[in-house]
């Protein structure tokens, strides 16, 4: 399937506020001109992690943070969560500068492939997590029990973490991110290591948090989940924010294709005038013609009728987020039928 | 400070749930009892032997614990990325380091205290209860020494790998034991060499001040001034080392 | 120049470290001045013997000996500049040389310090003899022992001096002057026949023309003394060595 890259150019962004201007109170996460670069102490070579990143996540929304490996997603997340120091620029969490530890009081963070103290039990770890986030001893104990049960680990709260499976650890990590009921959740690959049931539970948790008014920002490689959950999607490439828009805005103008399902096998040669936009896919009992340009639907249909092809169904196909993302990342539409088949 | 308490408690739990310290405590008690086998060979110096070897066992096992556990305290958390779960919370990095130090120090004090009590019990059984105050003072100073070395181990662990941390810590320990000699050499050495020796003697921990094993072997207590100055010095040196560690740790990015 | 939040935090930590550090250094200085601390060598003097100390060095007696040597030198210097009392010196050198029996300079330094500043010739002699026992092929030690006997305060021991000068002359690392020192010592000890042979060796083998001339001259004197029966023609009356401490 051919998917065009970035559709129509976005309108000019509003003027960028200065670095010293106060943060926008409507935003849960805000970065301004954020840079992160690394200097090799031996070669003195500078590698850029993120460049001039202006990111804004509104309070209460769910944002998917996408990008290929090495794009700068984890770097951004680590700066926001205090694990990295930005080289330049500013970043705020819920109005607090990320350099201040108290800005993370209402933050729940799940790192990618979380590791825990394997000598602690599940309940002990959640109590520690809750207390470090400001809960009192009694409250932390109660919440720990509650969240352990909520993520499906409540049947053996005293089990040592050394004996947890990867999926159990992932769920515990989520519970640790939520135990203090934060206003902001940042999740790095929250579906990682989970089976379909686990993923479903995580999706439900995220939706639950959205209902609660929690702001959620998560990165994921499972794009159907992003498409399903997110209000907006931010795509970062080579350290720069390429695009940030709703899923609908991203899909709009990305090009629709039309699929013609036809009975039996058709040996008709594709007409020259449609060869560039029409492809054929032979299946055992049917033939599927895919038209990349929806505006030429009538023309294609007329040709099929003229070839005495029995058309069983005409179905518009919208590009998926995954296809859009891959096209964006590659910087071009693919035009390769085999590739289209894989991505369809 | 609540954060320091939480980290310290967690570290204490980690250290005490680890078999290493338990094994060392048991080994220490067994070794102390084993020194009694040497009594007939000591030609009347068995009492001195008991105290000497007992106090040395406490110091050496403590040092071993610092090298085995302390030097990987922070480095292991960074390697395994368990530190992500802590520093992404409203926990200032300096307090994290202080908590780590406090937790391990508390664990080592526990071990030293238990072994010290075991030694006192042994002396009492042998009718040497009068030496108990001297032994307790020596154990107290040994605990201070371990706390100082632990601070160095935490600093090295925050900046380097476990293996290198152990080497650096051991290096500081050895040179620290010679700080008295360095000061002595500095008084007689000419010009720049004397100054350099003096600076080194000031920078490394002054560990001989925590050593009253010789006095304790003879059953002699030390002056309150000694205990007070040693305690004050330990607090100040630990504060300096942890502050340096915090300064360097602040700039660290965690991959 | 405004600092970032991070820079400010780092600076504060450095300031704290420097403050604590300065106070710690001051406390250390106060402790050094106020509290008794072991003088160099005191700790070594606790050990009954170097032989018993060796197991504690865990395979590094040489290093322990080096550290003991440093302390010994400091001890000597400190007491040489103050009270000239070296009560612990013999014991410490016994410990030191037990740890490192091949440490020749330790015997040399220790023996002369004991003999002169320590005014304890028997201790010096014992140390050197121990050194020779451990290093029988050492020409340097033999020569130094010979010299020690030669300058023995209160009365030179020329017979022993000659014996050890001769021993030194037989060793490959013996100083070149060993032979004529032996000849000189024998001659003045009254052992003229042996002295003559020794001078003959010097005359035959010395590469120094001046020494050969001296050897010839001394041989002439010995011949005359033997022929006339007047020993005083060949035997000199040497001064009695004394130790003068400045």
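Chains: A, B and C, in written order; residue numbering restarts at 1 for each.
One rule holds in what follows: a residue touches a chain if its C-beta (ideal position, glycine included) is under 8 Å from a C-beta of that chain, and two chains touch if they have at least 3 such contacts.
This one's a predicted model, so the numbers in the text were calculated from it and none came from an experiment.
Contact with chain A and chain C alike is made by B. Ranking every chain by how far its Cα centroid lies from the centroid of chain B, the top place goes to A. Chain A and chain C, compared by their mean Cα positions, are separated by 81 Å.
Chain B has its Cα centroid 49 Å from the Cα centroid of chain A.
Taking the mean of the C-alpha atoms as each chain's centre, chain B and chain C sit 40 Å apart.
Among the residues of chain B, those touching two or more other chains are numbered 251.
Multi-chain contact residues of chain C (touching two or more other chains) are listed as 6, 9. Residues of chain A in contact with two or more other chains: 85. Residues 78, 81-85, 101-105, 107, 109, 111, 113-117, 119-120, 128-129, 131-134, 173, 176 of chain A are the ones that touch chain B when the two sit in their complex. On chain C, the positions that touch chain B within their shared complex are 6, 9-10, 13-14, 16-18, 20-21, 23-25, 27-28, 30-32, 34-35, 37-40, 43, 46, 67, 70-71, 74, 77-78. Chain B contributes residues 94, 178, 180-181, 183-185, 188, 202, 206, 208-209, 214, 223, 225-226, 229-230, 232-233, 236-237, 239-241, 243-244, 246-247, 250-251 to its touches with chain C in the complex. Considering their complex, residues 2-3, 6, 10, 13-14, 17-18, 80-82, 84-92, 251, 253-254 of chain B touch chain A. Residues of chain C touching chain A in their complex: 4-6, 9.
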